[in-house]
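Chains: A, B, C and D, in written order; residue numbering restarts at 1 for each.
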Amino acid sequence: MPLVCLTDFQAQARERLPKASWDFIEGASDEGITMRDNMAAFKKIRLRPRYLKDVSQVDTGTTIQGEAISAPICIAPTAFHCIAWPDGEMSTARAAQAAGVCYITSTYASCTLEDIVASAPSGLRWFQLYVQPDWQLNKQLIQRAESLGFKALVVTVDVPIIGKRRDDLRNQIDLKANLRLKTLQSPDEAKAVPSSLLAAMNAFFCWDHIPWLQSLTQLPIILKGILTREDAELAVKHNVQGILVSNHGGRQLDEVPASGEKGVEEVLNILKEEFRTSMTLTGCRSIAEINRDLIQLSRL
Amino acid sequence: MPLVCLTDFQAQARERLPKASWDFIEGASDEGITMRDNMAAFKKIRLRPRYLKDVSQVDTGTTIQGEAISAPICIAPTAFHCIAWPDGEMSTARAAQAAGVCYITSTYASCTLEDIVASAPSGLRWFQLYVQPDWQLNKQLIQRAESLGFKALVVTVDVPIIGKRRDDLRNQIDLKANLRLKTLQSPDEAKAVPSSLLAAMNAFFCWDHIPWLQSLTQLPIILKGILTREDAELAVKHNVQGILVSNHGGRQLDEVPASGEKGVEEVLNILKEEFRTSMTLTGCRSIAEINRDLIQLSRL
Amino acid sequence: MPLVCLTDFQAQARERLPKASWDFIEGASDEGITMRDNMAAFKKIRLRPRYLKDVSQVDTGTTIQGEAISAPICIAPTAFHCIAWPDGEMSTARAAQAAGVCYITSTYASCTLEDIVASAPSGLRWFQLYVQPDWQLNKQLIQRAESLGFKALVVTVDVPIIGKRRDDLRNQIDLKANLRLKTLQSPDEAKAVPSSLLAAMNAFFCWDHIPWLQSLTQLPIILKGILTREDAELAVKHNVQGILVSNHGGRQLDEVPASGEKGVEEVLNILKEEFRTSMTLTGCRSIAEINRDLIQLSRL
Amino acid sequence: MPLVCLTDFQAQARERLPKASWDFIEGASDEGITMRDNMAAFKKIRLRPRYLKDVSQVDTGTTIQGEAISAPICIAPTAFHCIAWPDGEMSTARAAQAAGVCYITSTYASCTLEDIVASAPSGLRWFQLYVQPDWQLNKQLIQRAESLGFKALVVTVDVPIIGKRRDDLRNQIDLKANLRLKTLQSPDEAKAVPSSLLAAMNAFFCWDHIPWLQSLTQLPIILKGILTREDAELAVKHNVQGILVSNHGGRQLDEVPASGEKGVEEVLNILKEEFRTSMTLTGCRSIAEINRDLIQLSRL
């Protein structure tokens, strides 16, 4: 049977991956309430389609922080793609480049940033930073990403410590032991950062450090994980260029096993096709025509 | 066991039909959320029965666009009835005529309009049009339907392109290849319209074309698929005679296998009886007595 | 295992009764939506318990239409108790008398009114009337019940015709053929009313006939089945003594198989005990202390 | 598999305990609606996390009625710990002392108060009183608890009589026969209180007796089971030091089998760790920083 939607890919991934890998990819924190909330919230959205508009031409293209993308779809930063396929983030980068979408590369990629860039030189990429306890290491990572052509710095703010992921504890995956964190290593293996540095997240990183980040780079800074109005207002006050509203805990599956990047490409194409179909069936001919009237707000 | 309600017929159809046919008839688009929404919305309706009224005489009859029907029940336009029984829409037409209800014949009927009319000459029928890319073909279809005695033109507006129906994709039904679209053919086989013309729906059909449709026919025009207040207001402004509020995606099963039209007749009679019972038990003696007070609006 | 709540009795009844009898007792009309609504509505009620009141003495007794009962519990009118145990309503009457509650005897009892009264002479009973098409028969039934000591006349108003009960149709129970309606027969078999008279319910019975009923009897008249504010206001205007808010379709199981009336007595005692426990745990020492503050209205 | 959350402990307890013991521990009253309400109410709470605050130091410590505890976690008063492990409340007391939390000891403990205190001399403990019909016995219990160093008196007000627990009735557990109520016995076995005194709860205990309780002891008095605004206001008026909002019927499992107190300690540590993680991930550095803004009130 052909794989016609993301649920089909998800089912196949579950079938083919070792249980511990699947649990790591799919697993939510604690009881999974937030992940189910996320799903339910998406399913509650109802569109208000407008008909009898000429939709023979529909353009899904737009820009993001000044860069063109073929559709408002990004690959969210996720760690350790080598769990799902051998050459990890290099495949992801090639598929994203082919699809014309933005790929937000994780601090915890299993390939080096240099290998990722080399594998898809013209793709649009942002770099996601988990702030490290070693300030010098943060500086090196940010400036290395900027010089490699990453176009924005995404700073994750909702992981002062790691949440409790029950299935991982039960599987006793020791990420630090089993996975080599090549991004955190410089291309020069001699200067490699020992992965044991990852033991502690950066619990003391706070608003006061934002100006320091801004002094290190010309890249736009996006805060990932903001959830309250109060924090959004503080973000504006600190002159960051954007926020990513996200709760992290309800991770979506965007990693699927297939022959090297072919699977990723297929998934991205399905998403793009579904997005174009939705635009067409709701009478939206361009991204600019998408507005609040499209949503049945009374349902939310 | 006797079949006493539509759910019984539905269960029997599922048992007897080949899986691909069943999926085509029953299948909803994408995840089926809208179809379940439809069911749930119906189940949320609660009636406010009034008692101690003389309901010894209950009349379910009414008119629709000026024509008498025995009850406010219509057969919605659905394609390819030959999937469910051999002589397809001819049986449907005979059953609708016997029941005294309106049968809205689909552009994609598997019998020719001429055969349908000949099989039940005195039945009330409307013609449903999927606007075709070839304007001349639209004109021919409309005028042919009008001259054959169809009493209204139902124009589907919510299919600028075909939605994504996952089960059909999985079953790889190629409607164009397997089904002969006789309605789109003229009775003269030599002038038959190749079904391949159906490849593209008419994505550029829009409000500007309504006056052109009105210039082609004296029939009342009904727009099928309007879902927003804004589009309903535009319909009034364009002087169409009616709208059918419908979301298409949540298709109801109104095709059931039985010996030729006997099954359709039984289903229509069940619907009529259930309607009459509901009128009697809520104290409504005629269609005119049905009003908003009958519904517990606070539940919706 | 001892039977400790009504659900236990219900489960045992399901196990022991023939399927057709169980379906008749338990079956709801059409899809059973109203019956589930009823259950759900009950389960939504939350009590607001008041503590630190002296509840060492709790009195569940009260009066109904001027007659004393041991607790505000009545046996609703239900037909054909002989389906569940051999001597039918005679057992029910004895158990109700022993428990000190009111037994509303159905028009469609399977014992004669005379036998019911003889079996429990001092019990409180009301008579439920399904208005018959034959006015003379109505008059005879009402006056016979009054002279036998029934204390109120309960007139069912929500059955102008019989609703559609799918399981009965599937089981093809022919109530008229299989059950002898002894109540409708006079004690003198020679004057027995043929049960075929029950074929038609009284669809033309309406508000205009209430004064006629009132002219026939000194008994208080209670209308059973009123569901709307409008009809309740009409009932007041017609000087009836009470209404029973009920939707009939969601019938509760109050018939259970056990050795002759012992089961009924046990069920009534369980209900009385549960009622007394609820009064005690919410700080109500008498029926007069039960008021609207006891219910968490915001939940309804 | 390691036990990583309370649900894991609960599942293991269910597996290892005899059915009657499990039913007693887990069982809710009647249909268990209130217990499910409790669970659902907890699951409805959504936190509003604030980020980019320095949470490298998080202090979960606070005080309760003037005494220090390591986290705002108490062991609720529950009866008969010997059902789950041999030396019962002595293990519980040692584990609570090790975890630095408050242990509210039940009137119906299966160990004597003296043994409990001796097993963990420096732990913080409150004494929960089921008011007994014998006033002299109440006085002895309260003064004995005070002299043993218990720091508050928790008076249960929502059990004027015992609710109906169906599973216990089905299992026919006779608590009085099978369990020795050592707390109610004085250390001197010769003066032991016969457990049959427990047959009746104290249904006449009411607000008028509060001053009498206050005259017996210097301990703060906490009323357990208050559920309405009205009763909370009466509590203030009677100068009690606190109320425990609780509905008793939805008992949470806080008793788990493990080797002697090790299991209890693990559970308390899991709770403390989960609490600290929640504080850290929501940006709360101390108990004082937890306020109403932390909760998404619109969801409740």
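Rule of thumb we're sticking to: contacts are C-beta pairs under 8 Å (C-beta built on N, C-alpha and C of every residue); 3 or more make two chains touch, one makes a residue touch a chain.
If you're wondering where the values come from, they're calculated on a predicted model, not measured in any experiment.
Identification of common neighbours of chain A and chain D yields an empty set. Taking each chain's centre as the mean of its CA atoms, D is the chain most distant from chain B. At the interface between chain C and chain D, under half of the residue numbers appear on both sides, which makes the contact a different-residue one.
Remark: chain A and chain B have CA centroids separated by 45 Å (rounded to whole angstrom). Separating the centre of chain B from that of chain D, both taken as means of CA atoms, is a distance of 63 Å.
Taken residue by residue, chain C touches two or more other chains at no position, since every residue touches fewer. Chain contact topology: the protein chains form a single closed ring, every chain touching exactly two others. Pairs of chains meeting the touch criterion are A-B, A-D, B-C, C-D.
Contact residues on chain A toward chain B in their complex (touch as defined above): 1-2, 4-5, 7, 43, 46, 48-56, 273-274, 277, 280-281, 293. Within the complex formed with chain B, the residues of chain C that make contact are 30-31, 33, 37, 157-158, 160-161, 163-164, 166, 169-170, 172, 203-207, 210, 223, 225-228, 230-231, 234.
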